[in-house]
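There are structures below to look over.
Paired with subunit B in one complex and with subunit C in the other, subunit A is shared by the two complexes that follow.
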Partner chain A sequence: MKLSKIVLLSLTLFALLSINVFAQETAEEIMKKSHMAYYYAGNDGVANVSMRIIDKKGKERIREFVMLRLDVEDGGDQKYYTYFKKPSDVSRLTFMVHKSAKGNDKRWIYVPAIDLVKQISADDKNSSFVGSDFSYEDVSGRHWSEDTHRLLYDSTWNDKAVWVIESTPKEKYKGFTRKVSYIDKETYLPYKELYFGKKDKLVKVMTSEEIKEVDGIITITHRTMKDVKKNRVTHVIFEDIDYNTGIKDEIFTERYLMNPPMEFIK
Partner chain B sequence: MKRIVVLTLLLFIVSISASQVNAELNLDGFLQGLYGGRIDENNPTASEFTASETRMQLRAQHWGDDGQFFGRLDFTYDGAGSTSQYEWELREGYFKFRPGSKFDIKVGRQILTWGTGDLIFINDVFAKDYQSFFIGRDDQYLKAPQNALRVEYYSPVGALAMVWSPDFEPNRLPTGEKLSFYNPMVGDIIGGEDLPPVPEPEKKFENSEIAARLTGSVSGFRTALYFYKGFYKNPVGFDPEMGEMGSPVYPKLNVYGGSLRGQIVGGILWMEGGYFDSRQDTDGDNPYIPNSIVKGLIGFEKQVADNLTANLQWQADYMLDHGIYQTQMEGAEFIRDEVYHLLTTRWTKLLNSELVNLSLFGFYSPTDEDFYGRFSVSYSYTDEVNITLGGNIFDGKYKSTDFGQFQLNDNVYLKLTYGF
Partner chain C sequence: MKKGLTEFAIKQPWIIIGIAVLITAFFAMQFPKIIIDTDPENMLPADEPARLFDHQVKEDFSLYDFIAVGVVDDKNAFTPDILNRVYNIVSEIEDIEGIIVEDILAPSTVDDIKQGAGGSIVIETLMGDEIETQEEADYIFDRIMMNPLLKGKLASEDRKVIAFFIPIESKDMSHRISGEITEITNKYKGNEKLHIAGLPIAEDSFGSEMFSQMALSAPAAMLIILLLLFMFFRQLKIIMAPMIVAIMSVIWAMGLLIATGHTVHIMSSMIPIFLIPISVLNSIHIISEFHDHYGKYKHKEASIRNSINTLFLPMLFTSMTTIAGFLSLTLTPIPPVQVFGIFIAFGVLVSWFLSITINPAIASLISDKTLRNFGKSSDEDEKGILAAIMNSFRNLSHKRNIAIIGVTAVIIIISSVGLSMIVVNDNPVKWFKKSHPIRIADTVMNQHLAGTYMNYLVFESEESDRMKDPEVLRYVERLQRELEKQEIVGATAGLPDIVKKVRFELFEADSAKAVLPDNQDEVAQLLFVFEMSGGDADDLFKMVTSDYDKLNLWVQLTRGDNRDVQSTVEFVSDYVAKNPTPKGVEIHWAGLPYINIVWQQKMVTGMRVSLSGAFVVVLLMMIFLFRSFKWGVISMLPLTITVMAIYAFIGYIGKPYDMPIAILSSLTLGLSVDFAIHFIQRLRAIHKETGDFNKSFHEIFEGAGRAISRNVMVIAIGFIPMMFSSLVPYITVGTFFLAIMVVSGLVTMLLLPAIVKTFSKKLLPDVKK
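Showing the complex of A and B:
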């Protein structure tokens, strides 16, 4: 009896311990999972995206485009294709990025009015995406391995349990000096990201405004980025989202840059 | 021209009626006012204005199940000339479809561009509109439309594009009305006169233009081979037997070339070369036809600071049989060197969240001793309204060089655009 009690006790202890060990994911593991949930949902994705850029005077600018994404490798290389619908001066313009997790990204633009394909310099991932408050890297994701992550504390956000994690760039980075993310413990999606710049001043705030389940995948369908200094905010709304559509790799070539894939854009 | 319009409209109607459920029609365009004036005096042009025009562009795109129709139609009221006039032009009107997975076909009036140079064209022998380029019209007007059939074939190793233009389409050059230019027959910069039109090659099958491009990737670089058979796009030849006093003509031309473009040290590098085979003057001994030329260019572009991109290009042209040319040109005001050099640079700065665009482009030839600079400041007031202020500056030691001939045409312009 005694022996079996001891066995039971030690088994229970062991089980508890292992649960505890399991529960104590490192900040790095959390951010990796978050990155995957945020930027690598499904094998590919298609969405109609609208961006509303609202300046401090309330003046609004709108960018509408179709965005196609293909994951070449989960957590690694990706390809993006963008077809602009609005405003009128950029309508039908297409844009393509081959995102490299390790090396340099490659970017191309096609201007239909002059039938011009141009490869553009992709050195600065922190530059603004189409004049919005989102940078290229905010759109396609900064790889988790480029930052050191530290769990600050556990908290709640709108009654949901979250981890609050601080990320610091391993190498000097223009985008931020540190970033604090509120990561949902269930879905690993970020509810909020605070970006700090020089002198530890808050420069940008990302907020997930709406989260929905699409094709069984929990997705942020509406997010905002606020530029604190400029007092400007950009809303990004994803509509008609489709995952795992089987987009072929060949879509992300010069051929389709010049001849947009109608089946995805209509 | 009329036939093409009717044909395009017919195609449009057919494509609309042929597709039923999954069809969509998009309409948009812009309204634009462009006003420019010369800042040079003593210009022989007819008008003080380099531009005074109101333009409406309408674009219609129709997607059916089997293809796409696209039309771009411009209506303009041009008040800069000696007589104001209404004009319209179908800038694009094509049907695009995909017969099988390996082919793309585009037929109709279209804009064609290829090659790697930034405003320098070697293997791109498609029609250009330098008149528009020099007076501040939008970049899209640098390209003149051509009636063409474009067939592209794709394979895993590369792609082959063939463009057949049944009718020769020349470049659009300053006519003397808004911009003056050098006339070799007069031996001076002229303007304001009604010049007899340059006769175009006879419209027959063997005079149609053919352009081809073969592209592929070699270790991360985009490489291409090009071929063109047709005519010089500028009237650079002279036929002494035509008319009473002879006439400028478009001599026959073949171009063979290649190019390369890719990413290197955080920027984009490009190189291009071509052999201009002057088919009516293969030995260089015809004084009325340009000699054959070997052209090459190298360029590099990089983002040099936040929202500031810069590039540099160097072009070098080697004239064949230069000795014969020199003898022929004896006594002329300007004789081109055996090797012509051209340096260009472009600087683009975006400000205020990309709402303000500052642009500078400079051409300078140390051998021709001439210069052409373009600048513009553009502000996107709203998504719809854009205001642009710009200018074009020309200079040259001689009156007959590429840019030197335009030295009396320095101009500034204001452009207002409303997109819808």
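Showing the complex of A and C:
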């Protein structure tokens, strides 16, 4: 008789647990949606970006550029085109990335002073983006499938309900050993990301400073990345954002690096 | 006062000892508060402009002191095995606390920019993973050799050395970190040899080894002194007094130093080793006199009173001159030297006070029964060795007085030549013996690589972006080429190298394109490409500020001798005088080797002032003590000749005049006048009694002569163990004690009597009683 009771109890427990699991999204599903909301808003996007890199002594470096993005495949490959306006001695310099969700990105740069386009291959997506505290990967996103995700707990962030999710790289990765994200339960956008390095030391913190609705799409318009060790912070502010502008694929070629599509350069 | 104190000590020995013990306990209780500071940079005041500038430069360019590790194989260090071991070692080193991980310079951490397929450029880590084949190893070597920023740093041209550089948060961690590095490297043992070098490690290791040497040599010296005293006096209880006086003086001086919040620096750690002989000297005079007197009269208290009475004035004056010698160090504008001088002076004062109280107190506690055989040791009867030596000194200076004066004159002439040959030089690495691992590492690595001594030449302008100006860059580039022609300069690296490297790679590795552009925008864009391409932006900002208003040229030297650093600095000054820098651009030096020459200059000029100041003060004191100008001048002879002879010897053998040798001049000054004071003071006292020159002349070689000889032997032999230290300054100090004792002892016992004999009619005329 005892045995049957145990079996019954176990079954009931299992059933209860299952309901709980199926009722909620898995951490992986949350991160996938977050990734889409964060990096793949609309089919394409154009924005004026200003970047302020502030070092520990408060010294500022400014970069202003126009950024064009085209999604080749939702959640997959993307193309980025960047036209620099400031600093003035590098104005007209252009930069293009063909982001590959699985393999290595391809990058091209056009140097106006010597009128030369050069392809650059780098195996390191974690290197700094134009000398800022954001890495290439922070700008274009790290594919969710590269990490194992785990829901740590539910919480609130500025009175908004959030999931706190921990992501651990499946393969050894230079960028971080563990990342903790605060994901808004409504918009799936991250409010905060904490990056941990060796010995589980906090190395970088991303914060969404301002979130606005643009063309009906909830967008992070101002974010910061703080390098904890260097005590340096980079602000990135997106202005004049346009989604679904219908940018043509041909713009993302070497030819347009030399001859920028001025209709998008505001 | 003297009578009162001594009487009190004789009557109430326990009270005197009790008070001394209490005060000693108080000072000993300060010891746990000790703060150790081994940073030679603190030789300069905290607000010294050169030091402030150096800190500013480190801050502006995020520079750190670094430890250099060299992996040496006699055939070829670039094999898969060795490279893989280096790969694993570096990856483990990254976990050490206090390391600037992102700035580690090693094959596995540096980016390599190279030509890729279809005219692209590829950026990848030079050694991204462990390798398998010799081809891969050769490739890594070739890539290093092709990169002007890495060549001579990561690899030697003869392939025998792989090096990597570990930046550290602060210098005082380098000894610990080098220990942890050794632990890691021991796990990956092959046939190759591993060397750890760099100035910070030499400086920090010296600091920690110094303390263990101190813990070893101070007690060793005490023990030998104790043995020698026993040989002379054969009475264990009475010879405890000098030991107690010495230990107490050291504890009081060090205790006060710690209690007043001073750090124990490389200099002040030497206080005990300086204080011990100085405090022992007084006690030996007292015991020696007591011994001789007691031997004759067998009256303890009378003997004690007699020795203090006889010795009070000479001891007061020898102590005063020693204090003057050390206080003169405060005229040197180097804080640790000043602290050293003040607290030794305090210790000397304490030891004088304790000598005239503790010695009588202890002597009075010893029963007459115990002292039964005291004063009868064999060394002073007519057949004893000491007596024999005294006799020969007496006869020599009496019969050959003119010859002695002649020889002295010759010695003075020879010495003045030697003095002019003194070379001022220092290098903290050379504070270690040649056989020391740090010294070996330094030799090996600087022989094969571009150098472990890093200096920074900083170009400054008020204007942002000035350093992108091709005119400025070309000036820097030309100066680099000229610097590299200097034998001591192993390599230079600066912003022009980065600009040229980027241009070279953009133009498909065309060497003709590896030149500086004429257009400032092009410079800006090439540097932007460097930042864009993931080429580590941090590397860029170690050579230029992000505002581009300051540029840092790395100048790597293969030797860290101040003399060599000085010559490089002078070379640049000359160059700039002939080729003025672009308008609005100024240049200044920074870096550890440069800081070292700054404090050396202060030290050398400061010591000159100190020494001449002390000389004048001591001369005035002598004239006052003897109430006679003639005697004052004569008493300065042993000191003058000792200083001249010792420093001339240093000049002749080519030993560089460095920090320890500079400091020792004050000790030489303070100690070598002592014997003359005892000799003259007591000779005149004896003559007052006898009134007969020949009697006085004979008598001075008795008590005083024996005391001086005993002192010479005790101190000279007592510090011989220091000569076997692995630290060169300790060897120097030990040698100096011996030299000071022997030379000033000989001069006092030969030249002074010879002069007295020659001018006896004027100096000590016979008086009829």
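Throughout what follows, the second predicted complex is superposed on the first by the 243 of 266 C-alpha atoms of A that agree within 3 Å, B and C clash if a C-alpha of one lies under 4 Å from a C-alpha of the other, contacts with A are read in each partner's own complex, and residues count from 1 in each chain.
Simple rule for what comes next: contacts are C-beta pairs under 8 Å (C-beta built on N, C-alpha and C of every residue); 3 or more make two chains touch, one makes a residue touch a chain.
These figures come from a predicted structure and were not determined experimentally.
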item	value
Room on subunit A for both subunit B and subunit C (clash or fit)	clash
Subunit B versus subunit C as contact partner of A:K198, first or second or both or neither	second
Contacts of A:L151 with subunit B and subunit C, given as first, second, both or neither	neither
Touching partner for A:I62 - first (subunit B), second (subunit C), both, neither	first
First, second, both or neither for A:I237, with subunit B first and subunit C second	neither
Which of subunit B and subunit C A:V228 touches, first, second, both or neither	neither
First, second, both or neither for A:I218, with subunit B first and subunit C second	neither
Which of subunit B and subunit C A:V130 touches, first, second, both or neither	both
Touched partner set for A:M262, first subunit B, second subunit C, both or neither	first
Subunit B versus subunit C as contact partner of A:P87, first or second or both or neither	both
Segment of subunit C intruding into subunit B (one of 490-498, 598-606 or 760-768)	490-498
Interface residues of subunit A shared between complexes with subunit B and subunit C	53, 59, 61, 87, 89, 111, 113-114, 116, 119-124, 127-128, 130-131
Footprint of subunit A on subunit C - complex, ascending	59, 94-95, 101-102, 116, 118-125, 128, 465, 468, 506-507, 517, 519-522, 524-526, 528-529, 531-534, 536-537, 546-547
Subunit A residues within the subunit C interface of the complex	53, 55, 57, 59, 61, 84, 87, 89-90, 93, 95, 109, 111-114, 116, 118-124, 127-128, 130-131, 136, 198-199, 229
Subunit B to subunit A touching residues, read off their complex	22, 24, 26, 28-30, 59, 61, 63, 68, 72, 96, 98, 104, 110-113, 138-140, 142-143, 152, 154, 159, 215, 222, 261-263, 266-268, 301-303, 306-307, 309, 353-355, 382-384, 386, 417, 419-420
Residues of subunit A that touch subunit B when the two form their complex	53, 59, 61-62, 86-89, 91-92, 104, 106, 111, 113-116, 119-124, 127-128, 130-132, 230, 232, 254-255, 259, 262, 266
